[in-house]
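Can you read through this structure? Questions will come right after.
Chains here go by letter, A, B, C, D, E and F, matching the order in which they are written, and residues are numbered from 1 within each.
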Amino acid sequence: ERDKYENNDVAGVVTGLAWTSVGGDILFIESILSKGKGALTITGNLGKVMKESATIAMEYIKSNAKSIGIDPNIFDNYNVHIHVPEGATPKDGPSAGITMLTSLVSLFTQRKVKKSLAMTGEITLRGKVLPVGGIKEKILAAKRARIKEIILCEENKRDIEEIKEEYLKGLTFHYVKEMSEVIDLAITDSKVKNAKKL
Amino acid sequence: ERDKYENNDVAGVVTGLAWTSVGGDILFIESILSKGKGALTITGNLGKVMKESATIAMEYIKSNAKSIGIDPNIFDNYNVHIHVPEGATPKDGPSAGITMLTSLVSLFTQRKVKKSLAMTGEITLRGKVLPVGGIKEKILAAKRARIKEIILCEENKRDIEEIKEEYLKGLTFHYVKEMSEVIDLAITDSKVKNAKKL
Amino acid sequence: ERDKYENNDVAGVVTGLAWTSVGGDILFIESILSKGKGALTITGNLGKVMKESATIAMEYIKSNAKSIGIDPNIFDNYNVHIHVPEGATPKDGPSAGITMLTSLVSLFTQRKVKKSLAMTGEITLRGKVLPVGGIKEKILAAKRARIKEIILCEENKRDIEEIKEEYLKGLTFHYVKEMSEVIDLAITDSKVKNAKKL
Amino acid sequence: ERDKYENNDVAGVVTGLAWTSVGGDILFIESILSKGKGALTITGNLGKVMKESATIAMEYIKSNAKSIGIDPNIFDNYNVHIHVPEGATPKDGPSAGITMLTSLVSLFTQRKVKKSLAMTGEITLRGKVLPVGGIKEKILAAKRARIKEIILCEENKRDIEEIKEEYLKGLTFHYVKEMSEVIDLAITDSKVKNAKKL
Amino acid sequence: ERDKYENNDVAGVVTGLAWTSVGGDILFIESILSKGKGALTITGNLGKVMKESATIAMEYIKSNAKSIGIDPNIFDNYNVHIHVPEGATPKDGPSAGITMLTSLVSLFTQRKVKKSLAMTGEITLRGKVLPVGGIKEKILAAKRARIKEIILCEENKRDIEEIKEEYLKGLTFHYVKEMSEVIDLAITDSKVKNAKKL
Amino acid sequence: ERDKYENNDVAGVVTGLAWTSVGGDILFIESILSKGKGALTITGNLGKVMKESATIAMEYIKSNAKSIGIDPNIFDNYNVHIHVPEGATPKDGPSAGITMLTSLVSLFTQRKVKKSLAMTGEITLRGKVLPVGGIKEKILAAKRARIKEIILCEENKRDIEEIKEEYLKGLTFHYVKEMSEVIDLAITDSKVKNAKKL
């Protein structure tokens, strides 16, 4: 049985789109903070490239902290743990990049992620979003999971245009070029419930 | 010969349910503290995913220490060792997650785990419990081992409903969605004998 | 040619029982201290599970130092090295656990191990002794090596009962459930010659 | 679809030329700084030799900081992250050396890289540029990507001379022997927009 | 062409006996000190067991420094490097143990090793010397290399007794049980030329 | 196309002789210093044995700093990076030992290496030079590369004597037994241009 979209109550939880050997699925990126000295832990039975995505997201945020609205002094005082359930499934590839980025921005700002939103796209250190594969399968999975809005790379627009319109009904697409657009679209102004004071 | 439920005398010892190539079995998660600087050691011939479960449990507790009732300052003053007997058997998978979580909460609170209780379920960083496989085999093993109560993920209820009722006689099931429910159900108010003062 | 029991003159040297592809044998667990910061070094061409036994023994002692009669402050001031001769033979499995435990307790208390004693059994973090395999072969090897007393897990009693009585003549068996019983049986009140002052 | 040359707006982004199993392509080397203690992180699904190129570039700059015009005291105060999109493609080999060198010099000087420029060449610790393979395929890819100028090792001149002239129209070649020539050619006097003050 | 015995001029250089796929040979164990914090470096294309021998020798000396006549405070102020030429030949096994022990004692005492001496034997943490294989081939190699005296484990005496007497002419054998006997036999009272003051 | 001898302008650059599957070749060993805490970095697609040569050279110099004329206090204040171009070619074996030694001595003394000189030979911790293979192929490569003088191990003299005299015309050979002889022959009294003050 497939996963369903859940809610946006918890800081650091973001819905991504995955393309596996058995079709499309949604996945969740989770991240938490604990007092520490800046260590980054990554779990979820991930391959090398997906772990690199988490590192890229973290380093991008550190390097651009001010423009994102995060106090750069907090990175040294917390450990960050990023996890991708479900542990029994091996996962790899760069397509969870923008989902990880959004997760960490939500975590460090303690702000809610937009409701009913999912996303897929590779990230770069210079702030660009790159296109990814498996778009059709991912979109069908998003609908099944009751997603309403989807963030994709501008260059994935052509993949959407090849999908029959009836499959797209009820879905709103946001095409982006820059990682800053992802943050603008995905991170709301509302603090999460019981927001931590960092 | 199969293991039997033992007792709840020692902090950090919790009964889990395992599904192996030769059927279901119970297993024990053990954890201990020693003076140190916060190192986490994991033994028991475990695979990568099962080790990740221990890391997730530890980091979840660190990040949610206050709401669980643990002084967050103690983590830096102790090393934690989690072990899963029996060393000759390789073990892997995410299903011991809630058992590891319960073990660590019992350890850090020095409180007894509920008597005659076993459990199986994957954990996430955001506090949700995920369903796991092999439920039928695990339940049969639990009965053989004289377990009385079992904690499962809500989504594993359907697996229980497919088991003949006579096999379930004498067992009470607790279905949970959140890791906080596991802690509420499994951790008693009684301190263990010779409780350490942390 | 097989090894023979030697003596109990040196702190940290304990006789174990091994079951290899060519039958049973005795083996020696050796441990020494040197000034340091608490590092644990393990040698002897050991596999992962046997190394884990050394870690479990060390952490159990650290966590239960007071009840064993060891000053918990000394662990940070010494490095411990555990070695299992003979380097040309790969060794693995959990059955040397109680032997390693006894070796380390002898080392940290600088007390003699009981004379003509051998042992085999898995250890756990919660202080229980678990049964191990190859009992018949190990017992025959113990006799050949002039061992007089043997410590086994209570659950290995049935394995002894299946051995012809003539093979057991001259051997005394101690069946234990707890690691504290092993320490009581194996560690004498006499300090070793030239005992170090820790 | 192939990548296109983008712009020179961001510090540390430089266009390289790659030769893959499916022909030539351009690639981007990206680097960023964050407050730290001098750690170097390298991502992008890179093999051992390509990671070594990043280390060589970094150490060369550290050793020759003054002559390049970089304050040698800043290296201890920042972490550097070098990334090569796209994560799904494994990459290896020494030919991105001068591109990585240029990326890091742009990063540490916060100066713009020359517009419409691409490059390929191995670097050495003593400051020489070495020739690389796949020149014809790389040049065709550069044209497709709207590159105007290309830096190559002097010893690759012969490879250019074997290419039909019509393929070279619109391209200017700079042949170099020394890494200092690459820096002179590629790094402009203009600071990047929003240049960081290091 | 085979190696020849050289001399005993340099601290830390000791002649061992090796048994390889192409017969017996002598080998040299070399060790040097440099100012440092106690690091141990091991080179020479060695396998895991031979590296363990170096660790065992080092830790034994640290633990028994006083009785060997070494100031235990010097270990923290020097790095030790043990090397076994020749790098092109992979080497493994425990038989160089007493040779490594002798090398390190010569190094830390800056005393000469006895002239024209070679040795082979496994070491243990409790100070015993264990027998090793390939004795006949090693003895023939020792003669060819102009060795005059050989240290062996007592239990290897039987191997010598099976060798034709004519092959043993000119060789003196020292059979030992304890590592302290090796040190007594091998380490002379003379300081090496240009002895370092530690 | 094969490499040519270049010059002796840069500290730490020394010409070695390599024997590969496609015949003999020259190779360059390069080393540089940067402010640091004594780290040693080794690159160039090297195998384990060749990396060990770099470690041996470095430790030998540290241990014999005074007699070589290097202030032993500088090692803690600099990081050293040794690189062997060309990254696309895997390299291994001990024969670059004396070349690496010479490179590091030139680096730490900032003195020029003798002009038109190449070398090949294994090094040991006790200061001896050992013979290496592929001499004939290496000599032919040296001539092609316009080398004039070659340092070899004394024991490689016999290999030279088997080469036709016409191939040796224009080459001067220096046969050495000790690493100190290599340094005497290879390191000149002239400081390199722009010598660093260490």
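Here, a residue touches a chain if its C-beta (ideal position, glycine included) is under 8 Å from a C-beta of that chain, and two chains touch if they have at least 3 such contacts.
Being a predicted model, the structure only gives us computed values, none of them experimental.
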Minimal step count in the chain contact network, chain D to chain E: 2
Using mean CA coordinates as chain centres, what's the chain C-chain E distance in Å? 30
Centre-of-Cα separation between chain D and chain C, whole angstrom: 60
What are the residue numbers in chain A that touch two or more other chains? none
Applying the stated contact rule, could you write out the chains in ring order, opening with chain A and then chain D? A, D, F, E, C, B
Can you list the chain F residues touching chain E in their complex? 48-49, 52-53, 55-56, 59-60, 62-63, 72, 75, 93-94, 97, 122, 124-128, 130, 133, 155
Chain C residues touching chain E in their complex are 1, 10, 12-13, 28, 30-35, 41, 43-45, 79, 81-83, 85-88
